[in-house]
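As written, the chains take the letters A, B, C, D, E, F, G and H, and residue 1 is the first residue of each chain.
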Amino acid sequence: MLRLLDDVRAGVVAPGEAARRIAALPDAESIGATVIDHHRELRTGIPEIVFGERKTAEQIAAALRELAREGGAIATRIDPAKADALRALVPEIHVDALSRVAALGAPRMRPAAATIAVVCAGTSDLSVAEEAAQVAEFLGAPVVRVTDVGVAGLHRLLARLDDIRRAEVVIAIAGMEAALPSVLGGLLDRPLIAVPTSVGYGVSLDGLVALGSLLSACAPGITVVNIDNGVGAAVAAVRVARLAVPR
Amino acid sequence: MLRLLDDVRAGVVAPGEAARRIAALPDAESIGATVIDHHRELRTGIPEIVFGERKTAEQIAAALRELAREGGAIATRIDPAKADALRALVPEIHVDALSRVAALGAPRMRPAAATIAVVCAGTSDLSVAEEAAQVAEFLGAPVVRVTDVGVAGLHRLLARLDDIRRAEVVIAIAGMEAALPSVLGGLLDRPLIAVPTSVGYGVSLDGLVALGSLLSACAPGITVVNIDNGVGAAVAAVRVARLAVPR
Amino acid sequence: MLRLLDDVRAGVVAPGEAARRIAALPDAESIGATVIDHHRELRTGIPEIVFGERKTAEQIAAALRELAREGGAIATRIDPAKADALRALVPEIHVDALSRVAALGAPRMRPAAATIAVVCAGTSDLSVAEEAAQVAEFLGAPVVRVTDVGVAGLHRLLARLDDIRRAEVVIAIAGMEAALPSVLGGLLDRPLIAVPTSVGYGVSLDGLVALGSLLSACAPGITVVNIDNGVGAAVAAVRVARLAVPR
Amino acid sequence: MLRLLDDVRAGVVAPGEAARRIAALPDAESIGATVIDHHRELRTGIPEIVFGERKTAEQIAAALRELAREGGAIATRIDPAKADALRALVPEIHVDALSRVAALGAPRMRPAAATIAVVCAGTSDLSVAEEAAQVAEFLGAPVVRVTDVGVAGLHRLLARLDDIRRAEVVIAIAGMEAALPSVLGGLLDRPLIAVPTSVGYGVSLDGLVALGSLLSACAPGITVVNIDNGVGAAVAAVRVARLAVPR
Amino acid sequence: MLRLLDDVRAGVVAPGEAARRIAALPDAESIGATVIDHHRELRTGIPEIVFGERKTAEQIAAALRELAREGGAIATRIDPAKADALRALVPEIHVDALSRVAALGAPRMRPAAATIAVVCAGTSDLSVAEEAAQVAEFLGAPVVRVTDVGVAGLHRLLARLDDIRRAEVVIAIAGMEAALPSVLGGLLDRPLIAVPTSVGYGVSLDGLVALGSLLSACAPGITVVNIDNGVGAAVAAVRVARLAVPR
Amino acid sequence: MLRLLDDVRAGVVAPGEAARRIAALPDAESIGATVIDHHRELRTGIPEIVFGERKTAEQIAAALRELAREGGAIATRIDPAKADALRALVPEIHVDALSRVAALGAPRMRPAAATIAVVCAGTSDLSVAEEAAQVAEFLGAPVVRVTDVGVAGLHRLLARLDDIRRAEVVIAIAGMEAALPSVLGGLLDRPLIAVPTSVGYGVSLDGLVALGSLLSACAPGITVVNIDNGVGAAVAAVRVARLAVPR
Amino acid sequence: MLRLLDDVRAGVVAPGEAARRIAALPDAESIGATVIDHHRELRTGIPEIVFGERKTAEQIAAALRELAREGGAIATRIDPAKADALRALVPEIHVDALSRVAALGAPRMRPAAATIAVVCAGTSDLSVAEEAAQVAEFLGAPVVRVTDVGVAGLHRLLARLDDIRRAEVVIAIAGMEAALPSVLGGLLDRPLIAVPTSVGYGVSLDGLVALGSLLSACAPGITVVNIDNGVGAAVAAVRVARLAVPR
Amino acid sequence: MLRLLDDVRAGVVAPGEAARRIAALPDAESIGATVIDHHRELRTGIPEIVFGERKTAEQIAAALRELAREGGAIATRIDPAKADALRALVPEIHVDALSRVAALGAPRMRPAAATIAVVCAGTSDLSVAEEAAQVAEFLGAPVVRVTDVGVAGLHRLLARLDDIRRAEVVIAIAGMEAALPSVLGGLLDRPLIAVPTSVGYGVSLDGLVALGSLLSACAPGITVVNIDNGVGAAVAAVRVARLAVPR
């Protein structure tokens, strides 16, 4: 089935044409209650990534095994208890404690992508930043990590600007008042995707203030994803980064 | 001053280097209360676009005249009364009634950019869609307009999919429940920037529900800008579209 | 007492007349702190369904036993711990893990009803969908289940349209951005009841965005119940489905 | 084109089949910026109803004229100034001041529908109630109006119960604390669609409290539409009322 | 000290005069971190009632012992674990499981008060209703309890109206859509204090919808206290009930 | 009709009995779209007070004339333009500019009531305070007005305490942070009804913060009505003040 | 009366002692509905500043005249129409169009105060900034204005840092995402008072996002006043600036 | 490195000059995932204070050890379990149970500061009050604690006014309706920083009502920090208190 994907990439089959053909095929393989969408990568260029938060370890393990049959697969939001349960079910699954990303198998070859910078202010945002970085790498994009550059210590951010400018796309992770992307937005000329985080307390409202702050940023051209949504930022950045590689 | 911009584009001066030099120069020219930032394009690749909503016709006209000295300039959110006042002040200013964009002079040459599709559901979203389209064109990107493709008449959207796929970047404008970008997100493999609009009534909350809906979309990779923010979507899309042109 | 119910159905007693008579009778039987309303079915056509979330296992068991004296009875929102406690108290109680519905005894004969389709997008909404489906079945309506038809994979939804159209009433369950009912609303000509779910994170606000999205849907004729309220949707759908059966 | 509609109703063409055919046809006729969807009635059983709030008198008049070519047409939310402008453009247009509904031509024959009761509490809700009633009548359903039955004067509501019970479907309109549908929900055995209104002040929050109150109602089986959405309630009620007529 | 209280009641000392005198005295006795305000009853007619939710069992026990030196004392919001701890510390403390009220000693004589009716709809509101009832009794007012009279079963409420009318003041407890006080407000001619409860789910927002509903009630003369605030309702009702007794 | 009212007051007819009888009578007289409820005073002790905000001058004048047939009548929320229109229609109508209350005829005799104190902090709250005071006087209660006693000038409040204590019931009006009722609540031993006002700006949220502040007040026994609801406070206070008069 | 003020400043009378004495005096002079608090400056060091938004020109003029009897007086939030009306009433009143501050007479001598820097990002915040600056100057503090230093053009802010550091207290005005105070907070070692403004649109929520952002700022030591509250910031800053002057 | 700090304080190096130099140095020492900012005190006058809520005991202990190398260090929000873990790791760490502040080593000499009063109403706010007090003391300011002065017992507050007036800066802690700072604001002439607390229930919304109440306070000159943010209030107060000491 995934050969069609390669044909599309090679230009042998037009995407519109391919999409129409696929609709006629039985495409979903049921694994217990979880249904795997093998066609998603064909349609959207991005394979299914398992959202682990509301699934049992059994459901996640089954989904990863099924998805990994044609290359590696990953799942997100795996807390320590679920990580243990996953490894008990499938010892080959590796879970990264900081990003809470579980991986099974090596990712298959994907289209080349330009470099993505993942920038964050402090230790509290690291978990979301790593989720974004590892998902981007899984999708085939090289990643530059720039951490500890909050605006409360501006000189550090300025010192890392040239590193950030080496990437073609920037993901900026920010909680609390989320000032980092605003400052970056005035210094950069490339696509900038911001991720508000739920870090904070009191009036931070679980990230809603950071979200509102990012959407209100006066530096134009910043786009935003949902609170703590490292996966969404990574997928959006990879789509951009693929465009930046001449074909 | 703008020659430096061309040097940077030609690769003669590194952006980081240029930015540092600029900081030492007097860069803002005061026009009454409005200050023009001529360096912005150098730093961010995007010239200043005048946000007309909270400015008087006099302030807008002065800003457009100053900005237009080195190429064309535009202002947004120009309602009919302000449009009349602007034309009385500077007869050369042209105001588009639908998009509410005012323009003075022809835009200067800018870096090549790939095509952007601007997609919206209905007549109520047309104003924001046109703002996005005209700003993108001003910044040098060709635009494909696809309107009247709301999900309540799905066959029309499917009929226009190949047109949409011809663009490298997609801006989707959507009010009320904002289902259009979700549906598109499952059908496309390219960057998709969504603009919630304030169209609606009752629980629509002036666009907050559309915004929340877009940020919650289950199709990953959609990024979002502020409510009715056609300018922001255009700037973000142009940054991406420039990357898609091999240099 | 319930013979009056049959008289009303047979047309021997007018509902208004019956309601007036009932008011004079002692109608509530107290079981500890829980009071059972045996007349409710007479007045509203729907028997009492025990809402289990804020009741102890003892209260639920007592209520089910009392209600089941004249036919089967069900309770909803029974989590695994409560399920164990219920079965320890009354071994005949059966609890369905997915829907969290507990049942005791076989449902009594109820008025004929047309078929109801219960449609949902993904695994996360299955629990609410099953609650709706099982309550509808308990109330005497045949149910068609259509799952895994989220708008992110539109071809699957289109492939199941004829199945959905075979039902006279449709319940659509949707979390996150809740685009499914909007798309369905533009494709169907029958009553469509939407249930927002609390699935999501960040700006999803525990289902409030899905709720707002459904209420703002541009396809007219969609009605909505409270977040996660599978019971309410089922009761509303059954009332409609009974009308669709000629008498 | 609309002959196909009659064929479908006559059972000569299956709806699914018809829908597929239609997708291949050019179906939208552009009238300036407004596009008319002549197929909507075929797909959904409900013709396009013009939402007048954000349209100019010229757009509304053009849309009504186009839609009325194959039967009557209506538009909603026509304030007095727009009503005058409409009548100046098309003298045949009639605007009802209370409901703010504009009509052109006599409605075409539509499928038979059972009676709908439109119930409201007070003078403040009358406008929304009449919008619902007149849209329902336009769609072919007989309507019983029951007004001035707020729960603050309970005896009046009880005195009208038999009138309400004569209808097969009930629309209940309620602002402020919106207690009326809750009380009705405990007295009726038929489908009950509730419309919150924006009547109120202070903490009423433009109808959000009434909306929340209706969604939280403890009488199961009440479904809800957006604030002030008389059209949506009417469309939903007509879909149900058509089912109640044996074919 | 409390003799002054009796003097005031006997009219020997004017309240204003007494209050001024008291301000000069050392009035707070420190018990660990908890400070007891023995003068409060003199100033406000109501003794200190210990709010147990954020205090340890040790703090509550010490406060009750100190307050009980001149008559009985009570504490509220005592969950089962705290109840056990309290009884271990002071075996004479009695905790009522339903109302979560802890009591030590018999209440002292207080001014006569008229009867208060405490009315609620269902089992879920019983806990708040009992808190209100027991606090009112502690303060010296006779209480009539009327439960299970929700508006979804209107005949039951009507059947109990004469009981309710026998009281001079009415406290109505209501969660979810909180329709009960609205209905009562149209049937009674006496002071009506409403308590919204946090019972509900989804859009009920932990009682905020019930609160908004009560404040928006169209029956004038209903006053409202904070969500679940049985104590506040009881204190307010007792102040009224004391007025109703001729002196 | 109103003789029954006097019979009830004289104890010749029991209220419950009277209420049942009334339900059988035709009780509403329609005046155009406005329906007058002549029985309300019998059931609730309070006559209908016309809420003028959403009614035309014609509707208000007609309602006042009808209600005034058996004594005086009042309407609230009459802005200057409506006041002029009212006087043009019925020259006998008097409108008070500060309270925005319109009155026609002298109020009929009503049951005796104790004195009510209406207390407010500043000039901004005077309008709501006067509405409360005049409605209370219309309902037969003597009123003491205490203004300009905000907590920012505490000595003034303390200087007026004895005046306030001369009343049996207190209405406290407060906008912004609404601290006045909290301070009063700790100084008084009588029923205290608080009215939040919409005075303020920024985070005051049109009175929502004042409302929340009042409901959270730590002085127990304060009850609250909707924002700016002077009528509601007056009705509630009068019900209490009537109890305080021995019969 | 104001001689007491000078005595207090000279140390002849202790503030506590003075405050107690004052409470016994008649202190408020009534000017129509507006009451002037001549003692406020004695108690709090700050004279009454007239909040013009909800007052008529007549009330404002009378208050200014009364307050100006012992030195100058100012009023805020004077829009152009009110400014014209004020000048017609009292030609000596001067109104500044940008800050909307009206002044009558020269301010009296006040305690010395250190310099205050008023910093803002753009033209939209200038009005609030000028209100803060002019109130501070009226209260006797020298002011340094630093405008056009938004974080979207960081080099400009850095270029003005030494100017800002010359002041002892800093007021930072910021709308939209309000990043400026966060950046400043990491660069300065002096008291920093932030004023959120209502500038913005869409999700900016009339300044609530800016407010939340400032309260969530990770640079500790920033304090915040209400949205657009230039007066409050000025008063707070002056209190600090007076402390910074050795006495 | 910290010698530069002393040079700056001694006036040998200008702060602006120093800040520029520092930017060139490697300044962050990485301790596992936690990075210590040794320069912060130089730039802002305030050393890093470890926010313990989202850090492990290991991270906190490492940070305290590193920070304490040049004087004492503190961490906040240390719950009992974390306190035990900290002491197991570094026995020299002392944790105060009430304030939840952990301290290691004696604070280094810091600039002299005037006295700060920390004022709160009741036992529930004591934890936040103590956090503020201990942080202020750690930063070198003497602190006067005034507790149990809620406005519900006004005489106690008035009795402590002279104590409060002995301090140059006041921190007022208040939950629920947060009336205390409003009352204080009308009685004091010095800087007043208010801290809303999350104490309360129901509509208190975890401190949002207290926050809004404080920001809306009519006594001008009150500034506010985030909910429960004792550290922020202390830092702001210390900055002010240092200014009040002549140098």
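For the reader, a short list of remarks on this structure follows.
Just so we're on the same page, a residue touches a chain if its C-beta (ideal position, glycine included) is under 8 Å from a C-beta of that chain, and two chains touch if they have at least 3 such contacts.
Everything quoted here is computed from the prediction, not taken from an experiment.
The most distant chain from chain D, with centres taken as the mean of CA atoms, is H. Chain centres here are means of the Cα atoms, and by that rule the chain farthest away from chain E is B. At the interface between chain E and chain H, two copies of one sequence, fewer than half of the residue numbers in use are shared by both copies. Legend: contact pairs of A-C compared by residue number with A-B, F-H or D-F; the interface matching in over half of them is D-F.
One inter-chain figure worth recording: chain C and chain D are separated by 26 Å, centre to centre, where each centre is the mean of the chain's CA atoms.
Each chain gets a centre from the mean of its Cα atoms; for chain B and chain F, those two points are 53 Å apart.
Chain A and chain D have centres, each the mean of its CA atoms, that are 44 Å apart.
Counting partner chains per residue, chain C shows two or more touched chains at residues 19, 43, 122, 152-153, 185-187, 202-204, 208, 211, 215-216, 219, 226-227.
Looking at which chains touch one another, you get A-B, A-C, A-G, A-H, B-C, B-D, B-G, C-D, C-E, D-E, D-F, E-F, E-H, F-G, F-H, G-H.
Chain contact summary for the complex, chain F toward chain E: residues 15-16, 19, 43-46, 49, 114, 161-162, 165, 168-169, 185-193, 211, 215-216, 219-226, 231-233, 235-236, 238-240, 243-244, 246. On chain G, the positions that touch chain B within their shared complex are 98, 123-124, 126, 148, 153, 155-156, 158-159, 199, 201-204. Residues 19, 22-23, 27-28, 33-35, 37, 39-40, 43, 53-55, 59, 196, 198, 206-208, 211, 226-229 of chain B touch chain G in their complex. Of all residues in chain A, those touching chain G in their complex are 121-122, 150-154, 176-179, 182-183, 185-187, 200, 202-205, 208-219.
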